[in-house]
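Would you mind keeping the following structure in view while I ask a few things?
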């Protein structure tokens, strides 16, 4: 999702201090003083806002409404703005009756594990490649980056066969959470992101610490990690979101309904249960990522829109 | 987070990662040197059905008591085509599996299930077992038998209909259509008078091709025929074309099939339960999911025999019980013993049948008395039915048209080679005639036949 | 604690820094270098484990599988190129490739200009910009499964929201997913809805980085807003545009969840995509050899695009 994040805070000096929302100078202050431009801008602003509400938020608002409506509403009066009667019970019923609660918990568990594994892999590898710079580092980095070239879906079948019998270990990961957690670590993008951020930390800092007798582990804990909070926050956020959304791999690797995350369980629920309850389930599955978004809106937006590696 | 605790957490997680991944190792070698053998079996009812689950576990305990050297590990996992091969490869597949009738031929061709011929021949009732029910689990080339059809779910395709909608449309709920022409008229009447879908068709997950096979049989056609020593597609004939033409006409001329055509069996059952569908093709035991799972009304459910047009035949449906290829000889014998005790005994032993019903009737939600195909002789079936009578809780009258009509029909089985591939190629054909006004059934079937021929080659 | 505290600390010791660099910069001593290499290896262990097992090995295994026939119980048999031949002979391959390209093409036509225009408009906002961004990114946060299931209900020809809404203005009813003509388009609409937010925000960020001097200079030359947009904004964005184009292509060529969940490839195979076909080969038919062979073919096509992507990343970031 997010592209290559630039290191350090972005230049903001030329902007007025109060204005934290970046905007383009396509329309100059001079333009804005012209009546035609002002009215034109205002009209497009309103039209676009209405379109965004209808197209982007509309389906979600409809889901909110339908989740607390009787099932008959969905077929009989899908256009009504308000439920014919409030059925907040749908949510509780979905949580317990459809066992959505368990699936949500599985999702939380899966996302959490993916986060831990990805943080470990990306920080340790980033540190080794960026700071320790072993002689084979370039080759290793190239091999990691090369996996970006081959989309994950292509090696789906062999990945499955590997997970069900890991060569050398003979371990079967299928139907255990490790089948999701461990492959999540093989995320070249996060390694790239973290390594590039580490590259931007001035080398003098390490040298100073080394003189004070700090070993590599101390370097990582005392200097690199505390300085890397911005990038780690972005990596964490996007890891969590991605893990919550993942569908194809858990569908294949976790066939035991007791262990499936919500994204995999929902299509089955959709085929077998009452529509009103299903929509309640859809809503419940959307609440955690939406809460995450509300809480970390700025980081998400900046992470996505972060420096794309192209010169502006 | 405080630094040192962060460091500790890091180390801890790493250690867990390594240890945990090794501990996740699961392996189940069943045999022991002391003559004890342990098998895993599918078929345990889910937690949502506690009465049946308890009854099942009681039977497991009784079986283990009677066979002290056999340990049964039951699971409520059900058949999943998507993961079966890999589960088998990873050694985590159950010893005894139940699978839909559509699967065994593929499993046999891929050598993923055990040959049970020797163990079954030693079974005293083997010769009384309905030989038609062996066809799905038999390798036609070698005559070896790889499993048995589970009597409890065995049915023949019929017409499932909503009695309330029939009454509303001025049709007689006790006399469902018996020919396809009557189906067309009834569908139109239901649609015109009630506004609901007259006749619904399933078209995804290979069910379109599967139903088309039943239609073809009912019109005297066949899906594959022998040419020399190979099977070739035979569904380009009049029977299949006419069946498609009827669907097309009901959809576009009479407008009695609704506009939603990409439906799985579950979709149709759910909508049927909600009273939105007048008729569709399914076995009488569809009453189970429709009433128990989707909340349909039992008294509105009606089952008739498969409508006909010159074929006088219907298709066998249901599930099979098989033993997976990794089982040892001892496990195989134990598995066959379990299969016979758990699945076959209640179908020929009236006492056992009554005992089962008595236990399951503890939960009034479980339906007892839905007609089945006789797994043994007709007489044996009647004795069993008589013993079960006190526990029957479905309105038998609603199934009478099925029972009466079915008695006259030949029972045919799936196409012998690569049936799933045939169905997969025919799903799009059924979808086409239901979504395209100018669809040409004959041309579509020719195209599908071309595609299937290479699959049939690879499958023989 | 903010990262700045740490940064200012060691920076204060600038004097000491220069002398230590001379001593400690990449260890010259051979033994020390070996030690450094080994320490680094220890740090790389988690990455080696994850990438080794779940990225590198599956690639090798996939290559091997594509030349084998296996039921995963008996030993695999080497079958040469017969898997490739079988896959290439399958009439469904052409259909799937055609459908996948259609999906990618439609996604490009609909899903490509929309975020760009939206971003340009949003970049001129002085108020409520946060609200706009929030709205546009909202669908991206939902699990794709939720979006797909929701839209599937909307597409219902009889009771769906879309036909009801369009019916109000006298349009329809449209068959949406039920017709070979509109099924793919319906999938693209859903996936555009679900994915548009990311592209919009990326464009928006790029737009805000266009140097204001360029606009000022153009304005002094008397260029009106439209001309400035055409001659300054768009050319300045071309790097970002190219990147997103490639990323979108790579993404859409792997489309799976939408056809898998919404149509199961129907009607009449109109939405069978390459990935859906691979999935069916492997997980429905149990033919892992054929699935791997087809994956390899897809990989070749995608690697080509990915290579262009990486090459252009480098090019645009260094130019």
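Structural remarks
Residue numbering begins at 1 within each chain, and the chains themselves are lettered A, B and C in the order written.
In this section, a residue touches a chain if its C-beta (ideal position, glycine included) is under 8 Å from a C-beta of that chain, and two chains touch if they have at least 3 such contacts.
Here the structure is a predicted model, which means the values were calculated and not measured.
Shared contact partners of subunit B and subunit C, listed by label, are A. Summarising the inter-chain layout, the chain whose CA centre lies farthest from the centre of subunit A is B.
Of the two chain pairs shown, A-B and A-C, the one joined by more C-beta contacts is A-C. One inter-chain figure worth recording: subunit A and subunit B are separated by 41 Å, centre to centre, where each centre is the mean of the chain's CA atoms.
Distance from the subunit A centre to the subunit C centre is 13 Å, each centre being the mean of its Cα atoms. For subunit B, residues that reach two or more other chains under the stated contact definition are 14, 17, 82-83, 86, 89, 264.
The set of subunit C residues touching two or more other chains comprises 46, 72, 283, 288. In subunit A, the positions touching at least two other chains are 117, 120, 160-161, 166, 182, 226, 252. Taken in their complex, subunit A has these residues touching subunit C: 1, 3-4, 14, 21-28, 30-31, 37, 41, 44-45, 48-49, 52-53, 55-57, 59-60, 62-63, 74-76, 78-79, 117, 120-122, 124-125, 127-129, 132-137, 140, 143-145, 147-151, 153-163, 166-167, 182-183, 185-186, 188, 191, 202-205, 207-211, 216, 220, 223, 226-230, 241, 244-245, 247-248, 252, 262-264, 266-267, 270, 275, 278-279, 282, 285-286, 289-290, 292-293, 297, 300-302, 304-312. Those residues of subunit A that touch subunit B in the complex are listed here as 116-117, 120, 160-161, 164-166, 169-176, 178, 181-182, 217, 221-222, 225-226, 252, 255-256, 271-272, 274. On the subunit B side of its complex with subunit C, the touching residues are 14, 17, 81-86, 88-89, 106, 110-112, 203-205, 258-262, 264, 325-326, 420-421, 424, 427-429, 431-432, 434-436, 450-451, 454, 458.
Against subunit B, the residues of subunit C that register as touching in their complex are 46, 71-74, 86, 89-92, 156-158, 173, 175, 177-180, 263-269, 280, 283-286, 288. For subunit B in complex with subunit A, the residues that touch the partner chain are 3, 6-7, 10, 13-14, 17, 20-22, 24-27, 77, 80, 82-83, 86-87, 89-92, 264, 266-267, 270, 293-295.
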